[in-house]
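In order of appearance the chains are A, B, C and D, and numbering begins at 1 in each one.
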Amino acid sequence: MQTIGHLINGERVAEDTRTQEVINPSTNQLEARVCLASKATVETAIAAAEAAYPAWRAVPPIKRARIMFRLKDLLEQNANKICHLLTCEHGKVLNDAMGELQRGIENVEYVCSLPELLKGEHCRDVGPAIDSWSEFQPLGVCAGITPFNFPAMVPLWMWPMAVACGNTFVLKPSERDPSAALFIAQLGLEAGIPAGVLNVVNGDKEAVDTLLTDPRVQAVSFVGSTPVAKYIYATGCAAGKRVQAFGGAKNHALIMPDADLDNAASALMGAAYGSCGERCMAISVAVVVGEQAADALIDKLKTQIATLKVGDGRDTANDMGPLISSAHLEKVTGYVTRGVEEGAELVVDGRGLVVDGFEQGNYLGASLFDRVKPGMAIHADEIFGPVLCVMRVDTMEQAMEIINNHEYGNGTCIFTRDGEAARYFADNIKVGMVGINVPLPVPVAYHSFGGWKQSLFGDLHAYGPDSVRFYTKRKTITQRWPASDVREGAQFAFPSNR
Amino acid sequence: MQTIGHLINGERVAEDTRTQEVINPSTNQLEARVCLASKATVETAIAAAEAAYPAWRAVPPIKRARIMFRLKDLLEQNANKICHLLTCEHGKVLNDAMGELQRGIENVEYVCSLPELLKGEHCRDVGPAIDSWSEFQPLGVCAGITPFNFPAMVPLWMWPMAVACGNTFVLKPSERDPSAALFIAQLGLEAGIPAGVLNVVNGDKEAVDTLLTDPRVQAVSFVGSTPVAKYIYATGCAAGKRVQAFGGAKNHALIMPDADLDNAASALMGAAYGSCGERCMAISVAVVVGEQAADALIDKLKTQIATLKVGDGRDTANDMGPLISSAHLEKVTGYVTRGVEEGAELVVDGRGLVVDGFEQGNYLGASLFDRVKPGMAIHADEIFGPVLCVMRVDTMEQAMEIINNHEYGNGTCIFTRDGEAARYFADNIKVGMVGINVPLPVPVAYHSFGGWKQSLFGDLHAYGPDSVRFYTKRKTITQRWPASDVREGAQFAFPSNR
Amino acid sequence: MQTIGHLINGERVAEDTRTQEVINPSTNQLEARVCLASKATVETAIAAAEAAYPAWRAVPPIKRARIMFRLKDLLEQNANKICHLLTCEHGKVLNDAMGELQRGIENVEYVCSLPELLKGEHCRDVGPAIDSWSEFQPLGVCAGITPFNFPAMVPLWMWPMAVACGNTFVLKPSERDPSAALFIAQLGLEAGIPAGVLNVVNGDKEAVDTLLTDPRVQAVSFVGSTPVAKYIYATGCAAGKRVQAFGGAKNHALIMPDADLDNAASALMGAAYGSCGERCMAISVAVVVGEQAADALIDKLKTQIATLKVGDGRDTANDMGPLISSAHLEKVTGYVTRGVEEGAELVVDGRGLVVDGFEQGNYLGASLFDRVKPGMAIHADEIFGPVLCVMRVDTMEQAMEIINNHEYGNGTCIFTRDGEAARYFADNIKVGMVGINVPLPVPVAYHSFGGWKQSLFGDLHAYGPDSVRFYTKRKTITQRWPASDVREGAQFAFPSNR
Amino acid sequence: MQTIGHLINGERVAEDTRTQEVINPSTNQLEARVCLASKATVETAIAAAEAAYPAWRAVPPIKRARIMFRLKDLLEQNANKICHLLTCEHGKVLNDAMGELQRGIENVEYVCSLPELLKGEHCRDVGPAIDSWSEFQPLGVCAGITPFNFPAMVPLWMWPMAVACGNTFVLKPSERDPSAALFIAQLGLEAGIPAGVLNVVNGDKEAVDTLLTDPRVQAVSFVGSTPVAKYIYATGCAAGKRVQAFGGAKNHALIMPDADLDNAASALMGAAYGSCGERCMAISVAVVVGEQAADALIDKLKTQIATLKVGDGRDTANDMGPLISSAHLEKVTGYVTRGVEEGAELVVDGRGLVVDGFEQGNYLGASLFDRVKPGMAIHADEIFGPVLCVMRVDTMEQAMEIINNHEYGNGTCIFTRDGEAARYFADNIKVGMVGINVPLPVPVAYHSFGGWKQSLFGDLHAYGPDSVRFYTKRKTITQRWPASDVREGAQFAFPSNR
């Protein structure tokens, strides 16, 4: 039985007394045990990062960027191995794992633009013979705390940019599926990141709290659920740090009567049931304008659900794998039951699914509710499972009101052919990431990821341009040189360009 | 006796039961009474801002910018009146008040660039026939809490940009010298800002706490002392808001042996004693490399201090006015006493100064310490008075260590002719705003203001480019249009550009 | 009788022997005589600009920008006077003149963003302790040659940005309607532009050729017809200068069957007949997809043309004024005749219009052709008059082929409600400025103006961001400082970041 | 004997009737024969590029960028082979060849930032519900004409960016050393560039003229001598194209009395004699302020020249190889003779050098002149050989006057420790690329390369950010959507944001 430890100062260490089981969700069998770092272990990692910082900061940005070019190559060369780790520990099907990894690689590609991204602003003659410029200097030690649902991608949102900007890093991946993040971090070292610059600690709340309160940690990036995001934001900020904390979601698709319904249905299938709905950008609600469109959409979805293949992720014929844990299966199943109790119409019931050969797996079939109403728990809560709710409204304004009134504001999309409808929606919807006929509007790596309302605490989004700003601090320099023939008297007034 | 109220929804209101005295620091006579807003009053202002938001957000940015063009004109036309208010309530000399106001106007000028500043990023073909772009949309209701020492400038750092970006605003200026901020806000309305878009409430902790916790307020900007900044940051973030909180400072000048000492001495005079040292960018410590340079500098400073004119700010012959309050005078005087007790050499003692005709004023003469050491309270603490400490070191590295070890990291400067020394200093000093032969390196309005370490909590700096990002949230839109001949199957894998 | 001279080195001069008549096109009466500058006169202006350059270049950008703030105010205060000059010399109706001037003012507003626009790029550590940055420095003497159709706006595209960037300027406006440009230039001096920095010479080819070949002139901006643009580009470039030369146009509107035809018809009325069609962005061809839409559009246009008011521009009840000259009237009338000969269907014939009280004016009524075909001269040539050609096609692809095959590529627009059609059009049409339901897609002042194909020679567009780059040259500085303990051997290999 | 042909539409072709010898300059022996493309052959290449354009333009930018990631890998893997080709045909020593190639690779690395670089500007609400954005679309077929002295690097300045931006390309490398460019182009195809997108034609003036006049070619980039650059610029612009033409240089180093002379001497050795002085950024003049510094510098240079190793480039012990051709050797030798005749003091005479085993090679030893004066041909002309001229002046102003009065303005540098001297020099010197204690201030790949005055014709510099703008054209789209309840009348006035 493998014990998964930490990566500290370039070494694999596994000396903690507390461990936790890592379970294959397709079989519910034990895959490995993961160490849960004590406060002392985390402090060792922070100390390693602190010690590595001065030398790393002095490496020219282009040389730091070149390590990212090599990391991209290594990720591509090791893609199959990484995806296998993802499937065994998270359960998602291999093809989906490959999509996740590719998105992570795209973040690394963007980081290769570092010399362009780090450019500061220079002004000649802000006053007579006075120049001023701003540099974006690294922060020091940064930390990342990442969720179970994208074990490879979300860490790659964070540390490649942070490290390339000249920071050192301590990553705490999800303890449920830690292996991919750890393996990728080792590829980072192989690509040329010096020991101590990138560290990984596995752990639970003890590790998290250490990262949030240790004064050597300058910045914390977090992705997870909203209650934890709020805790991270409040705790890290109370300790004086900069924090960005990404929380939960309830993403609505708005289906207009003029939409291409075949496309919309196909798009919803993937967006609702892909990765078993365990994505913060999953579409879990379809708001349909008009009864006719709703009826047609329900029909198309039923037809497609009937052919959906659910099973072990290593079998590439499958579309959907198991949920992450038996406890989560129970929770999601409970929501299906509750939806029925609340009066929603359960069009397709995924409960009770048994997959041949994987009878112990955390399987739930795709589930579809119709006539869901605001106020029902299945609409209010983030279920994080393969449950799609259809809501019926008469007008676009009603649909937008439902979306705008929801506490979350991560992603949303509209299906329409009409330019005016799309523009009105995109402009006025209170959601940070908007798709127009694009069901999962995850921004590409050269834009930034972030929701609004209870989906994000902080001001700068993840990856892309915002992440450069998050992982650097501005230093502004104002310079003049004394000429030998210049002698000036004291100026008691506040200096300005009058 | 005038009662200073609030500006809410375009109306002046003054109905609070609690008030506080506004005192002229040059005479210690009562100038006016200022209302201290109750929670209910602040909530009225927030409600007005919330109500005004949707219509204001829909005004095209160029039209919002044009109001700022008019505001610039109005500020220039009313400069004398504003400066008179500044001098009467804060005490700074008129010429210094004019410098402050001009810096504020420069911020307004920068806001006139709004259409350029709000530009989002657009990408054609992020995938086949898929476009993506990011917009920077306003937040909603924003709040600003500003200090007594720059009653005109600091509010102008905040609300013109916030309002131009499409937000509505509630400003709580310092209750000690509230008139300038209130008058300028009225000029904003005169320039065309609609009622409710910009509101001013005067008050104390009750008002502050209401702004920090009301869920309708999306963002808080604060400038003040570090303990309060920490409280603001922790409290506002715990309420889920974005917060930038600017705190205290202890700014060092490093004097190299090759510096032009005449220039350096003149620069220090203005930077240490201008505005009575009540500036977060004031130089309060001069670290001199080499005994010879230190002796020469002390001589030059003594000579200049001897001719420094201290007196009522309305007399334009004066260089320096009174401290803000008798309590503050007592505190600063106490530091001078303590410095002597701690063993520093008091070269010039400003205590006991009496200004003819203003015998009740809070006057303290320029004070100069030599041979100050780390560990003394006069070095550790922000005194915020006309007290300059000279420290003597043997090497540049020792000087930089003193600066880097200090808890504050707002501003600093170096005096030298040597390119290498200047570049090494600017690169390695752990301070956010750096001057090279520039004693007060306040960034110009088209850069951004912010310190490091305990001088700033948050990630985005004040005014300039960072303030655009602070007062907007990113919305990223990904768009494709269905062609009639396209029919696609569901994609269960995570979408990426493979 | 007024003689219109030049503005050289801050003085009005009028000493040339050659002059030309300035005619009011509404009456064909002589308004004034304009001097035609000799080579020597132009060289005097160039010499003044050359002499003024070093001092002007040294003025900090924020101070140059502030002159533009004042210019904006002066333009607004003198708007009525300027528009009166425009109407009397050019003929356009006052309301249209106000639109032109406002666009010019918007360019000045954009120039007020100068400190932001001039920011260079700064990179710390391009190698170990090596920094590099780029500045955008002024060129020296620049020249502008502007057309008769926008006597106020096009000069304001050029010199405010050129001058604000630190250049000096010689403007040669159209000799047909020179007064507005001259008056506005004087406002520039009144706003604070020093003598010699901005000069105006009136003239013809002799003046143009002097500007194109004098080695002191660094850059030339031109707007006019394509044959002249080609000459300007070839001649100026052969003299080693940077040149941007904007030429003619033939702008098509594509009307899709799903378009809002009422809106489209109204939009076409203004875009085709506004300013008598004498705009390089005028729509002169409407390509309609489908016979039904074409029939309906023709009907709507006929109805609206019937109510179009043509007459003297000073009467604000009028929609359209006279053509610029009797020669041009004859030319445009000839095209109408030729269109009939070529077989197009003349739905509305504007020939023979007589305006009461202005019987001598160069009046032509709005003219409308249907069933125009490629190959006809009325489709191939830029007519620059109130003649709208309707072409009928069966498919969007046919329409786009007509547009893409035309030699000009200035502006175009599509009328549709369909997102896919609009995006496909915008992406694939070979035209530089594209409107989607916007008939005159003149970019706003914070974007840049420029066509493709024979409509623009050069690489940088007019006004907006491109104009900053056109009026500045890049200087890139790479800096390291020798430390006293560093001694290095010679490097014979090409330096790189290996 | 190898015949070097062309690379057209993915195929190697070699069918031209005219050929030219490719000579190894170290031995003067025939290495190969290179085909000289006829007009018809070049037109075939242009036609291939034209045909490949539509499909290539439609490939998403991220996918085009990924080909550049692969190209970087291939260039690194084939570095030794490429450098061998460079040394055998050009003569430069292997280590220098590696430096050249590395700079080329750095350009490819920058091109990998393409998605960031291509971002357009997006503005919401330029008017009510009107959006506008600018895209940077490819031009079509572009051409590059490159010089003999950097056979690998200069082509890599051009086509990777041009091709990545979506253009197709025809490269005409120098016919004297064509193999490296051809080989690298094949690596481009191997990396994934489709056939026809990148073509190479070898040739002489016939090929050049075809590229300059064929209407299908949209843009031409050229690097070479100033007379040819002027011809290219005038001819290409007369044909209506956008052209950037980089010409010759005479780069001065200014040595201040306070400079670190050991560093300066070492720096000059490499900058003057590296690559035999055949670099457009070579330092060929050292202007020394003060007799004392001049004497000391001459001494140090003499000492270092005495140890300089000249010989065959394949021997890595050598510092300097042969000149490109016997004709060029004769020309450079003639300048040495002429310098003596003109009265300059020939401190070191490199004439008559014979290299053992390479007696037929084009070898000339390092030559050093002292007391060179303005007006001498060795100062006025670009010699392009290992000849360094020292000029003695009394003041910095005299030195800057010499530099500013020279017709070329490519590169320059100053050696000093003084911040004020460096800043004054960098600000006021009329040269495009400035080094401060950096002898060869070739901008890094993420800045752009370009001189001033007769060193560059055109407005946009090579590689870096400017090259993105050069290889794309701006398209600005203005969009509104008709709402069903909106009906508007015709607007005859020019649309503006009043």
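Convention: a contact is a pair of C-beta atoms (placed from the backbone, for glycine too) under 8 Å apart; a residue touches a chain by one contact, two chains touch by 3 or more.
Composition by chain, UniProt nomenclature: A, B, C, D = methylmalonate-semialdehyde dehydrogenase (CoA acylating).
The structure displayed is predicted, hence computed values, not measured ones.
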Name the chain whose C-alpha centroid is farthest from the C-alpha centroid of chain A. C
Higher number of C-beta pairs in contact (A-D or A-B) found for A-B
Starting from the mean Cα coordinates of chain A and chain B, work out the distance between those two points in Å. 35
If you average the CA atoms of chain A and of chain C, how far apart do the two points sit, in angstrom? 48
What whole-Å value do you get for the distance between chain A and chain D if each is reduced to the mean of its CA atoms? 43
Which chain D residues sit where two or more other chains touch them? 62, 106, 115, 119, 121, 123-124, 126, 134, 417-420, 422, 436, 444, 446, 479, 481-482, 497
Write out the stretch or stretches of chain C touching chain B in their complex. 62, 65-66, 69, 72-73, 106, 109-110, 112-113, 115-117, 119, 124, 129, 131, 418-420, 423-424, 427, 444-446, 479, 481-483
Residue positions on chain C within touch of chain D in the complex are 93, 95-96, 98-100, 102-103, 106, 121, 123, 126, 130, 132, 134, 153, 219, 230, 233-234, 237-238, 240, 242-243, 259-260, 262-263, 265-267, 269-270, 273-275, 279, 304, 319-320, 417, 422, 426, 431-438, 440-444, 446-450, 452, 454, 457-461, 465-466, 469-470, 473-482, 484, 486-498
Quick one: in the complex, what on chain C touches chain A? 58, 60-63, 115, 118-128, 133-135, 137, 416-420, 422, 436, 497
